[in-house]
Amino acid sequence: MRKKFDTEMSVRPHEVDLNGHVHQSVYFDYVLFARWDQMGRCYKMPMEEFFKRGYSWTTQSARIEFQKPLYLGDTIIVRTWIEEIKQKSVRVRFQILKKKTEKITTEGELVYVLISAKTGRPEIIPEDILEKYSVQQD
Amino acid sequence: MRKKFDTEMSVRPHEVDLNGHVHQSVYFDYVLFARWDQMGRCYKMPMEEFFKRGYSWTTQSARIEFQKPLYLGDTIIVRTWIEEIKQKSVRVRFQILKKKTEKITTEGELVYVLISAKTGRPEIIPEDILEKYSVQQD
Amino acid sequence: MRKKFDTEMSVRPHEVDLNGHVHQSVYFDYVLFARWDQMGRCYKMPMEEFFKRGYSWTTQSARIEFQKPLYLGDTIIVRTWIEEIKQKSVRVRFQILKKKTEKITTEGELVYVLISAKTGRPEIIPEDILEKYSVQQD
Amino acid sequence: MRKKFDTEMSVRPHEVDLNGHVHQSVYFDYVLFARWDQMGRCYKMPMEEFFKRGYSWTTQSARIEFQKPLYLGDTIIVRTWIEEIKQKSVRVRFQILKKKTEKITTEGELVYVLISAKTGRPEIIPEDILEKYSVQQD
């Protein structure tokens, strides 16, 4: 199994709705931040390096299950890992946990496609990136 | 097949990312607005009426497929319809189209659960709401 | 006095806070959308044309007075006009009105600086843009 | 002079615009989070305690000066302090600094009014809160 990485963050006041729960759309911002953070810190290939090499990532699809609400005041852990690598895309799974209880509140997955920043067309994931993305759980 | 309803809206400048594409999380805000708009305007049961009767809706799960990007300047149509009604939940499908071309750019679905606003627990959908939600395509 | 222009928009559900009021930060997104809309539709110089000519606008300062809250369900009018034109910047005033009552809920102003998109440095506003921005109230 | 408090946070990817700069509206979300964080952590009177006592805070006005842009990748310090206390309101000043350079990028102020959560009407700030808000710089 590929290695799982964690990013910690805090729920911010503008992210909660009328009922005091974090808005559904905000969960995707959390996961986006976690991936961005982990690309540099954990996979050792920050987003800027993709840009420099003429690449970008685009999201093809997403699914999410909201199991327990998140509230203002919660510190959360966004855990992500690569579930599957295809020629031009990766399938990333994620879980969002409350830091205090370590209970899972949310689960889901995203499919990201590597594209040429210039043409927007899908690109084959190069060998050296494949290798970085293949780091295994101890 | 149940009736499909349309809500028109404009992409706003703060909704686009570094590449000029609408952020992935914003799509859920679009669908949320469309549902809210259509609850009152199309199903004749606005959100406030749910609140008055002690109900609220919560999102159980969502999935989305990003087929073509949306850009600043786009006017979009968010089309939603109820695909399935269960005892305590509804499964809603949506499409996002560019108004100019009427081409579909995005598809997905959300499962909403009716809850008691007080306890947060799932509630059986009352008969009169079922009826309003059963309006058929002509 | 320079001409005032109006842009109409709807409050969307994800824009309200715990108290059902529109979040303070969202007001700036409303004004940004109104300016963007009015640049093309009213001043006949859309944002893309600025980009094409190597220009961009950056916000130097803003102030806002929240007089009455906005709620989900409100349709609003964002009215903006150019109060002052300097060599490299414009001072824009705005009002946000409820469409139904035409009452002002919010007032404020923003100072925008014309910059070179390449260097980020302030640029002198060219004659033809000055002219477009000088259209007077009838 | 009243004591200044710092809250650290990271710029998140969905917060940057087409030019890679943090959106103007996002700055207010940063300050809101900092105030919320500091209310509990620094002033020892968390927001929930205001709610429990039937109070809430509403923003009357805001002004902000954008001196240098913030970018994705920046870790920032939001520093706030109470500049003035009136009978029913406080004037709070803030600065946003880059953590790495400790350079100020943004300055501004907000006026918050204490209100009754029930009626929405301004309330006189009670003695014990005045005291908590009067903590002086060493």
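All chains are identified by letter, namely A, B, C and D, in their written order; residue positions are counted from 1 within each chain.
By our rule, a contact is a pair of C-beta atoms (placed from the backbone, for glycine too) under 8 Å apart; a residue touches a chain by one contact, two chains touch by 3 or more.
Computed from a predicted structure; not experimentally measured.
Here subunit A and subunit B face each other with the same set of residues for the most part; over half of the interface numbers are shared between them. Remark: rotation between subunit A and subunit D after Cα superposition is 180° (nearest 5).
The greater number of contacting C-beta pairs, out of the two interfaces A-C and C-D, is seen for C-D. If each chain is reduced to the centroid of its CA atoms, subunit A and subunit D end up 29 Å from each other. Averaged C-alpha coordinates give centres for subunit C and subunit D that are 24 Å from one another. The geometric centre of subunit A is 34 Å away from that of subunit C, both derived from CA atoms. Residues of subunit A found to touch two or more other chains are 13-14, 23, 25, 29, 32, 72.
With chains as nodes and touching pairs as edges, the resulting graph is complete, every pair of chains being joined.
By the touch rule above, subunit D contacts subunit A in their complex via residues 9-10, 12-14, 29, 32-33, 36-37, 47-48, 72-73. The touching residues of subunit B, when paired with subunit D in their complex, are 13-14, 16-18, 20, 23, 25, 72. Against subunit A, the residues of subunit B that register as touching in their complex are 19, 21, 23-29, 32, 56, 58-66, 69, 117.
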